[in-house]
Amino acid sequence: MKRYDQIAGQNLDRLEYLSDGVFAIAVTLLVLDIKVPVSTAIQSESGLMQAFAALSPKLLTYFLSFITLGIFWVGHSAEFQYIKKSDRNVNWINLFFLLFVSVLPFTTAFLSAYITFRFAIILYWLNILLIGIMLYCNWSYADKHGFLSVAGAEKARIGKAIRRRILTGQSLYAFGTLLCWISPYLSIAVIFIVQLSYAFGLFSKSPRTNLPS
Amino acid sequence: MKRYDQIAGQNLDRLEYLSDGVFAIAVTLLVLDIKVPVSTAIQSESGLMQAFAALSPKLLTYFLSFITLGIFWVGHSAEFQYIKKSDRNVNWINLFFLLFVSVLPFTTAFLSAYITFRFAIILYWLNILLIGIMLYCNWSYADKHGFLSVAGAEKARIGKAIRRRILTGQSLYAFGTLLCWISPYLSIAVIFIVQLSYAFGLFSKSPRTNLPS
Amino acid sequence: MKRYDQIAGQNLDRLEYLSDGVFAIAVTLLVLDIKVPVSTAIQSESGLMQAFAALSPKLLTYFLSFITLGIFWVGHSAEFQYIKKSDRNVNWINLFFLLFVSVLPFTTAFLSAYITFRFAIILYWLNILLIGIMLYCNWSYADKHGFLSVAGAEKARIGKAIRRRILTGQSLYAFGTLLCWISPYLSIAVIFIVQLSYAFGLFSKSPRTNLPS
Amino acid sequence: MKRYDQIAGQNLDRLEYLSDGVFAIAVTLLVLDIKVPVSTAIQSESGLMQAFAALSPKLLTYFLSFITLGIFWVGHSAEFQYIKKSDRNVNWINLFFLLFVSVLPFTTAFLSAYITFRFAIILYWLNILLIGIMLYCNWSYADKHGFLSVAGAEKARIGKAIRRRILTGQSLYAFGTLLCWISPYLSIAVIFIVQLSYAFGLFSKSPRTNLPS
């Protein structure tokens, strides 16, 4: 008789649909935390502009979390370019990855409500750390069990790039978070700069070299 | 003339997209029930930590329901690995499956608000039971109507594994629910342990045997 | 020079992903209207059961709308089994179809809040009518412009089945709605029975005849 | 060693799933802003009709934003018909595109709450402008880096049509927005007419000419 564990979790397409769905929703749910200011108190254009300006911590944390999710989505997508098989454990590693992704709208709202509190920053960082750990485990597990489409020196080079990216990113986040003992704003500023530098790799030299797809 | 019923419901891809979409949303909606504590009353780091700690029943039921949905998503995905045809009845069995999946965020919120009430636990269990029944029906119907990609002894072995998994799981959930007559907390603890043991089959011996895909 | 209108809207896959996404969300958003009762007033198991029973109009309209969306999703999926090309007009017909689909959670919430009002029933019916009209237009347009994968007698038979299904369904909904001048409850009961009879075609004779896929 | 930037972002399918997911959710979230009127004050059919009529600014802005998102979805889908390769920059351009798409439900709610304020109209227009800029960048970048599936005169013709469409649309939106210095209602009316003329290109001469797919 087949064990159920041998049957479950081999459908990579489903895993990718589910992941993209969760990312799409997490990214869009974030915006629900930005509430339109109540209209009774607002009488003039300048009053409305002030009310909008008062939303800036929410807009900032929204932007921050969108970039965060974008970075991890790109990372997830990069790994699955080379993962060509899966088993139930790959599914569960990814489900825990998605668990921490779907919690980010909460820790973001928490951070934007308590932006001057160390605890809120640490909680936010912990969330990012857990997402990073699952992403690292995902690659390691797939590598160890022969689920990759690349091999030999190619695999070593790609694996090194993927692992180093996660470790560098997480080190910078950890450093930024530690700064909250000096000042929460400094902490958020550093995390923000780290993320923008990833996203606006956009304007870096274009990586046109062909890679095995 | 063709009957409409002969035309409808043959597109398996669409059914899988819809299912993954519903799962992705149900999983992410759960987090909307975790509200950020109101900020006026909170003045210190320790005050914020206490406010966060007060969210623990919500966080616990969130985690519980995420795992529940994960288990059923893996189960659904496992079945559709072998289902290669469909008709309108397969679609409607799955729509009812998704109906009960999309209701879970409600029964979860209900449970987390009334965690000491037997009725809330029984309602939650009933929801899980209905999801399980539809999953069981899905396989039985596909099997009976020749929609599977496997046959003979292979089909028997896979079918037995899939059916046994559902029956074992549901028996354990029913047992856990019965314990609510002793104590609601005991009940939830047992359900929780059952689910973790499924999810952390993660650390069990790896099922690397190849299966027909 | 190419006109933009000749370029846009030829990607059927994208249209199907978008549609399934909107259906998945519409179906799941419905559940957000079912609020967990406030806990302070509830002291006993029987009190909780009564509070749950008070949710029954919401649960009923939720179920009603889920089935409605299920019926139209199956209908949409059935049409696209035979639609193999598209242009920008197909895209816009479907965007309007999805507009009315995504409005259904609102008209459903409206109906469940004002279940004894004729206007709420008529509004709900109008929503269903508009969804039906777009679905009918979709098939007619695709047929007229040669976007179908079937031809000749085959096309005639399939087209007749699809059109008749929409017309029959809409006639029954219109009839049910008219009954609201006698009694709103009668009206909803008839609409409900019509929908269940579609969904539980589930237990009708199985349509196993092979069709061109 | 491979640079991470050379590895990331080559999976076009994932990018399309994510985009369709975000559009599907943004479109459906818009409806959450339309709240069912509170029932205690409403006693008669005519009272309910008046309460519904009072929702008309919300319904109007909902419709407006649905059409907006529809136009950009069609535009995005049109570009990706010809984009056959990608790199991390394509991903980030699209993530910023999706950032501005997912913010639209907020700027829409803001506009519907402050429909007579210039600032609300300008904010809404700014959002549309940013979406348009990213869509323009997306095509330019893909063109410049040889990611298109068409070449030569064909590419020039298609590129000209796509670029002209964005520039024409954005010019009309900018013109409509400028009118808010005369009257906010005039401004919204003009934007609305521009959008309907796009959507109801539906009834224009059908573009049946075959194009390379």
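A, B, C and D label the chains in the order they appear, each numbered from 1.
Simple rule for what comes next: a contact is a pair of C-beta atoms (placed from the backbone, for glycine too) under 8 Å apart; a residue touches a chain by one contact, two chains touch by 3 or more.
The structure presented is a predicted model; accordingly, all values stated were derived computationally and were not measured.
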Practice task
Considering only mean CA positions as chain centres, point out the chain farthest from chain C.
Solution key: A
Exercise for the section: Determine how many degrees of rotation, between 0 and 180 and to the nearest 5, align the Cα atoms of chain C with the equivalent atoms in chain D. Expected result: 90
Problem - Shared interface numbering between chain C and chain B [over half = same, under half = different] - result: different
Exercise for the section: Averaged over CA atoms, how far is the centre of chain A from the centre of chain D? Could you give it in whole Å? Expected result: 25
Practice task
Return the distance between the CA-based centres of chain A and chain C, expressed in whole Å.
Solution key: 35
Handout entry: Multi-partner residues of chain D (at least 2 other chains)
Key = 17, 20-21, 24-25, 32
Problem - In the complex, chain C residues that touch chain B - result: 16-17, 20-21, 23-25, 27-28, 30-32, 34, 36-37, 39, 42, 45, 48-49, 52, 62-63, 66, 70, 73-75, 77-78, 80-81, 157-158, 160-162, 164-165, 199-202, 204, 206-209, 211, 213
Problem - List of chain C residues in touch with chain D within their complex - result: 1-11, 13-15, 17-18, 20-22, 24-26, 29, 32, 87-89, 91-93, 95-96, 98-99, 102-103, 105-106, 109-110, 113-114, 117-120, 123, 145
